[in-house]
Amino acid sequence: MSPVNYVYLAALLFTIGAAGVLIRRNAIVVFMCIELMLNAANLTLIAFSRIHGNLDGQIMAFFVMVVAAAEVVVGLAIIVMMYRSRHSASVDDASLMKL
Amino acid sequence: MLSSASTAYAAHIDGAALAATSSGTSAGEAAAFWVLGTIAVIGALGTVLLRKAVHSALCLAGTMVLLALFYLANGAYFLGIVQIVVYTGAVMMLFLFVLMLVGVSTADSLKETLKGQRWLAVACGLGLGLLLISGIGQASVVSFSGLEAANSGGNVQALASQLFTKYVVAFEVVGALLTVAAVGATLLTHRERIEKSKSQREQAEERVRKGTQLPPLPAPGVYARHNAVDRPGLLPDGTPSDMTVSATLRDRGQMREVGPEALHRVAALEQRTADQHGQADHGRMYGEPHDPDRDTDDADDAGQGREARQARDEAREEEAAK
Amino acid sequence: MSFPLLTATAALPAVGAIATAAVPAARKRVAKWVALLFSVATLALAVAVLVRFDPDGERYQLTESHSWIRDFGVRYELGVDGIAAVLIALTALLLPFIIGAAWHDADDLEPTRPNRRWRPTQGFFAMMLAVEAMVVMSFAATDVFLFYVFFEAMLIPMYFLIGGFGDRAHAAGEEEAGKQRSYAAVKFLLYNLAGGLIMLAAVIGLFVVTSDQLGEGTYSLQQIVQARADGDFQLGTNTERLLFLGFFFAFAVKAPLWPLHTWLPNAMGESTAPVAVLITAVVDKVGTFAMLRFCLGLFPEASAWATPVVIVLALVSILYGALLAVGQRDMKRLIAYASISHFGFIVLGIFAMTSQGQSGATLYMVFHGVSTAALMLVAGFLISRRGSRLIADYGGVQKVAPVLAGTFLVGGLATLSLPGLAPFISEFLVLVGTFSRYPVAGIVATAGIILAALYVLLMYQRTMTGPVEKSVVREMPDLRPRELAVVAPLIALLIFFGVFPQSLTGIVNPAVEHTMSDVQKKDPKPDHPVADKGWFDYKPVDGHAGGDHK
Amino acid sequence: MESLIGLLVGFPLLGAAVLLCGGKRVDRTGHWLGVLLAGASFVVGAVLFLDMLGKNADERALHQHLFSWVPVESFQADVAFQLDQLSMTFVLLITGVGTLIHIYSVGYMEHDERRRRFFGYLNLFLAAMLLLVLADNYLLLYVGWEGVGLASYLLIGFWQHKPSAAVAAKKAFIVNRVGDAGLAIAIFLMFTTFGSFAFAPVLSNATEAGEGKLTAIGLMLLLAACGKSAQVPLQSWLGDAMEGPTPVSALIHAATMVTAGVYLITRSGAIFNAAPDAQTVVVVVGAVTLLYGAIVGCAKDDIKKALAGSTMSQIGYMVLAAGLGPIGYAFAIMHLVTHGFFKAGLFLGAGSVMHGMNDEVDMRRYGGLRKYMPVTFVTFGLGYLAIIGFPGLSGFFSKDQIIEAAFAKGGTQGWILGAVTLLGAAITAYYMTRVMLLTFFGEERWRQKTPSADAPSAEPAAEVHGEHGGPHPHESPRSMTIPMIVLAFGSVFAGGLFKVGDSFVHWLEPVTQFEHGHPPVSAAVVTGATVVTMLVGVGAAWLQYGRRPVPVVAPRGSLLTRAARRDLLQDDINHAVLVKPGEYLTRGLVYVDSKVVDGLVNGTAASFGGLSGRTRRLQNGFVRSYAVSMFGGAAVLVAATLLMRAV
């Protein structure tokens, strides 16, 4: 099986995630879609690391995960704040540059 | 579905691991790829399309698990585990937690509020996907040049040695990033207290000023015949008080009321005790006439609901009419 | 080095502006006197400039040169030729009268909300002085960039003068007046900014071409002209034309040339008469002056190339402005359109590229300044009495206020360039200069003087003559001493220069010669030149006899 | 002697300055100051004249260079005076008649509170007129030219409270401005042709230039002359100019200013001589105006307008003569001088009549005045005889000479011109007789009480006289009669004086150059014809107005009469051809300026505003739409890279 299939799969997932980001209104779901995209990226990284036969790709993926974790922490915090201020988690409700 | 998938793959995993070590790819891996890949895509679609956030979260978790399996299949054992433990275990649970916090029942309405947003989104998605795929199509990658060399000393060790030598700076920076993120999160979620907290005294005074229910609420219907939580308790003078029933039951209208018979029975009971103690005439409570035959059949209507009693009363009234 | 006279002349009013603005809010009179004092002192310095200027000496005199922005080759270079000297004198001359005429214009301004530090009077006169300073600078600057800076900076105080201090006399009431004013101010600002920005592009372009032709870029007018003369600075035809257009556009907006004129009637109509004078008699002159000094000096070939178009535009301005002046109901707008017509004459004279035309144009700048000042200020006094700018609201004023009417008439006659008054000299020179190179244009332009008579006399007839309206009688005191003191000197000047213009031509002509040599043009020679033989060897009989027998 | 020339102009100028700037403090003595300075100027003129007589013909010209006026390169204009015989003639005429009319005005304007200013204007006029005739170059002449225009503007509109006066003044100035433009263009042409516009060089070298150029210059000069001298087609202002006070009409619009055109043509003789086409046009204009004015004069009932028509026609004679070239110049000037006398006299007489008649100007309301104002009658009568060319009076000589010259032009042209001039003489006799009869003879129509459908009473002095009911004709004060008498003398004897030994012609010859014209028929015949036609005209007038009683309200009259009453529709034509279209043009342009030119500007601004308004909508604050654009951008980038790889 050609290694490219993994990349194709990743691309597919990435696109789906992207579409989700654009379509969904619930901030948390949007966030999940972003995670999905990140994971897709990770998949490519790992696939490439196997293709090239060194671990740099995996290390990158590792960093991506960490960053994603950090991002999730902050992002969710923001969502919570947002929810507190306007009792909704819809990104469309946050259309003003003020609380 | 997820669980089934994972179990089905469980047998395969070491084979995949073997495969990963060899530069080629086994037919098993191919099969696994197609099956699990399909499921992963379905999961992703579910994430995007399901209305309830919880469902999408679960789908995402599934997809992640499957991805973790792919990692494993690609010889990234450490990352595979991390993916399952950290991502699916911690992060997704964090997501769910926040979801609960924010409110489970919030489901997106399918109506798109932004004009043309949906079509633009789909267009962008498809366009991007097509472009990516066409881009990848140009890539000339024939085969894996396996990882056995890199993983010879064990995947984790290899990663560690790279992390702490080659990527140590990045590692430290990322660590700092995490710390900052944690601090930032606490900072964000920290709610500034606007007014000073009330002392107990102040709370008491406030209550007095409001003038509503100064003493604590009475206990549930312990004086009632059947001491059930949905029956109002009687106050010392024998009148039932709704306040003894929990607010929830009251609001749901599941409170059972204490009928006159019950009161009567109580009165009769006391009468009998009074008789046994040989008291001449225990002044009847509630102006009830002493009616022995009714006292007798008190026993059998224990636990009947309001409805039954009402039905019987009506029957009695009809008899009275005849 | 000697005393920097030009810098002083420009700096003094600037200092005056600060001083005026610094006067405490309660001391209106003090502020006015400070402003007047400084303007008069500036006039003294300007006279000193004229005196120190030697017509037969260097082209640029009283020069100062210091490095300013080394990286862009921008230098602080000042210097005056005859033209600039005369115009600086004009500016400094007019300011005291403008201030004197505007004495009470800013008194009745109410703050929108109570404000302890409300000081409109101070601001008004301070900004006038600021404008003067900048105008003097732009006349004196021989560095293109330096000129550009002040050419643009002028807009700021002018914007506030127009938008903030219009006269309350408005047909549609105070509210509407405010709207109109701010509209006029914004229009003025945007128009001139647009022109200025296009010019900025050209200025930068100039730096680029100079830097790749002369080694390091320079804005120094003298240096560039010198280099051009020495032949080591040639511009590509298209480059030169583009740069020329960039400059010319800005100047054409400033010296309103049809069809870029529409800001002027609004600005002059809505602002108070003295500010209107400031616009048309002082600020706009920078535009025409810059055409003469920069367009012709820097881009002679391009100027020659553009001449036909410019001439046509100028002719259109002359007739168009005059005709619209005839059609106006509002006397300030009428004067504005008249000014457009006059600016047409000036541009015509400049681009006729004859020494008569250019001397005429220069004198025209001066004389038009004085005559318009006289006419506009008197009109302002009239308006301030009756509280209306509409010609129809007046009538028979002459009977009630003869002196006012008389001064108004003299101002009007000057505007229609009656011989004996200064503007006649300049207008005739411009016409002669134009005619000697472009006869048709000359004849068309001559039609302008007929229309001039029409609109001036129409206005005079409708406002001053006829039966006296009761209201006019009630509201028309004759000129007050202050007003007379403002107008009388102007009229005296008009008459003086009408009789002794050579006091100016002596200074202007050499400068014009230099310009002519810049554009490498010679006056067209007459077909049958006659040695101007004196009277006594002239025997009419011979002449006639010859005439008969041939 | 030269140095005195400046004084000629200086005195009245000083007077004007003092009287106009002096303010109220000179109110009391102002008018006498005016008279004094006019007189002083006349005295200086006389002194110079005597001095001039002392020299022989060729040394008589004087020249005074005051200062260089506008020196710009080859354009050299000086303020310099030249006093030769031609100028001298004008100087004497102007200062002489001017002084007389100053004196007359003292009485005439007695009751006007703005008398000081009136005299100031009169002095200003004298100064400008003298400048005009003394200038030694065309530019300085132009100054005087417009100066007299200004003075006439101020004086016509002197009673500014009358809208009619104000309008008339404006009209006069603007029509004149048209002529001035012609003069200006002529000067341009001279400058481009000769590089100078001083008389000496231009005229002495005129012939060097091509005939085309000279014709152009000549026509432009003629245009100027038409404006100033009220010749067709620029004559429309003269009739209205009668709105001014009568002395003004006498001085400016009869004796001096309106003749400036003749001076200009005569002065520029050298140019016209070399441009026969231009001369032809001049002659035609003169002939046409001659008849035009005469016809108008016949129809007017307003005495001053009738005289104005006559003035027009007489100047037509002069222009025609001047157009004839060297055979006519001298006679043109001669007729100009005599006309100056008798026409001024006539106007003063008319003024005196109006003065006595509550400023009634309608001749149909006069009649039989001869016994009420004998002096006026006599002086007016003498002027009348002079103008109709009664043998022996000044008009006879001058006009006869012109008619002869017209015939002498030769060829069919000569015959036509001769006929026209004769016809003119007849009509002149007719309308002047009409005026005479209507005014001084017949029954006293002013006694009849008629609903006054009158022309608006001309002068505010009306209030002074008019309190007590109907008019009480009375002789005017001495200050008015004396000038009339003097002028009457002039109009009687001047012609003869000039005629004796052709003294006047010889006097002018050095300047204007004289050739004897030889009429196809003998001079005696022409003279006879003149006299006969004159008598015919008189007879016709007597038949119509002497024998039959005259209706107070004018009959409707023939088509020609009605047209003539309206100046032969001149104003209607101007209105239709110039004024109306002009108004429409102006209105149109005002609209265009606000809507099109300014509209373009505002439109640009508005379009920018709209554009930014639309782009603003993209920034709607919705994260997801931003995300869309972001992903779109990403897609584009990828596409771009792919394309680059593909290429």
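Each chain carries a letter (A, B, C and D) given by its place in the written order, and its residues are counted from 1.
As a convention for this text, contacts are C-beta pairs under 8 Å (C-beta built on N, C-alpha and C of every residue); 3 or more make two chains touch, one makes a residue touch a chain.
If you want to know which protein each chain is, UniProt gives these names: A = NADH-quinone oxidoreductase subunit K; B = NADH-quinone oxidoreductase subunit J; C = NADH-quinone oxidoreductase subunit M; D = NADH-quinone oxidoreductase subunit L.
Predicted model, so just to flag it, every value in this text is computed and none were measured.
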Report summary line: Of A-D and C-D, the pair joined by more C-beta contact pairs is C-D
Query raised in the report: Once you find the CA centre of subunit A and the CA centre of subunit D, what distance in Å lies between them?
Result: 98
Report summary line: Cα centroid separation, subunit A vs subunit C, in Å, comes to 68
Query - Separation of subunit C from subunit D, taking each centre as the mean of its C-alpha atoms, in whole Å - result: 36
Report summary line: dist(centroid_CA(subunit B), centroid_CA(subunit C)) in Å evaluates to 83
**Report entry** Overlap residues in subunit D, where contacts from two or more other chains coincide
**Finding:** 620, 622, 624, 628, 631
Report task. Two or more other chains in contact with one residue: find those residues in subunit C. Result -> none
Requested in this report: Pull out every residue in subunit B that's touching 2 or more other chains.
Outcome: 114, 117, 120-121, 124-125, 128, 132
Query - Those chain pairs that satisfy the touch definition - result: A-B, A-D, B-D, C-D
Report summary line: Listed in rising order, subunit A residues that touch subunit D in their complex are 18, 21-23, 25, 91-92, 94-97
Query raised in the report: How about subunit D: which of its residues touch subunit B in the complex?
Result: 620, 622, 624-625, 628, 631-632, 634-635, 638-639, 641-642, 645
Report task. Could you please specify the touching residues of subunit D with respect to subunit A in the complex? Result -> 620-624, 627-628, 631
Query - Parts of subunit D lying in touch with subunit C, wherever the complex brings them together - result: 20, 58, 61, 63, 67-76, 79-80, 82, 84, 136, 139, 142-143, 145-147, 150, 153, 157, 160-163, 165-167, 169-170, 173-174, 177-178, 180-181, 184-185, 187-189, 191-196, 198-210, 213, 269-271, 273-274, 326, 510-513, 515, 582, 585-587, 589-590, 593, 597-598, 600-601, 605
Query raised in the report: Considering the complex alone, what residue numbers of subunit B touch subunit A?
Result: 20, 25, 29-30, 33, 37, 40-41, 44-45, 47-48, 53, 56-57, 60, 63-64, 67, 70-71, 74-76, 78-79, 82-83, 86-87, 90-91, 94-95, 98-99, 101-103, 106, 108, 112-114, 117-118, 120-122, 124-126, 128-129, 132-133, 136, 139, 141-147, 149-151, 155, 158-159, 162-163, 167, 170, 174, 177-178, 180-182, 184-186, 188-189, 191
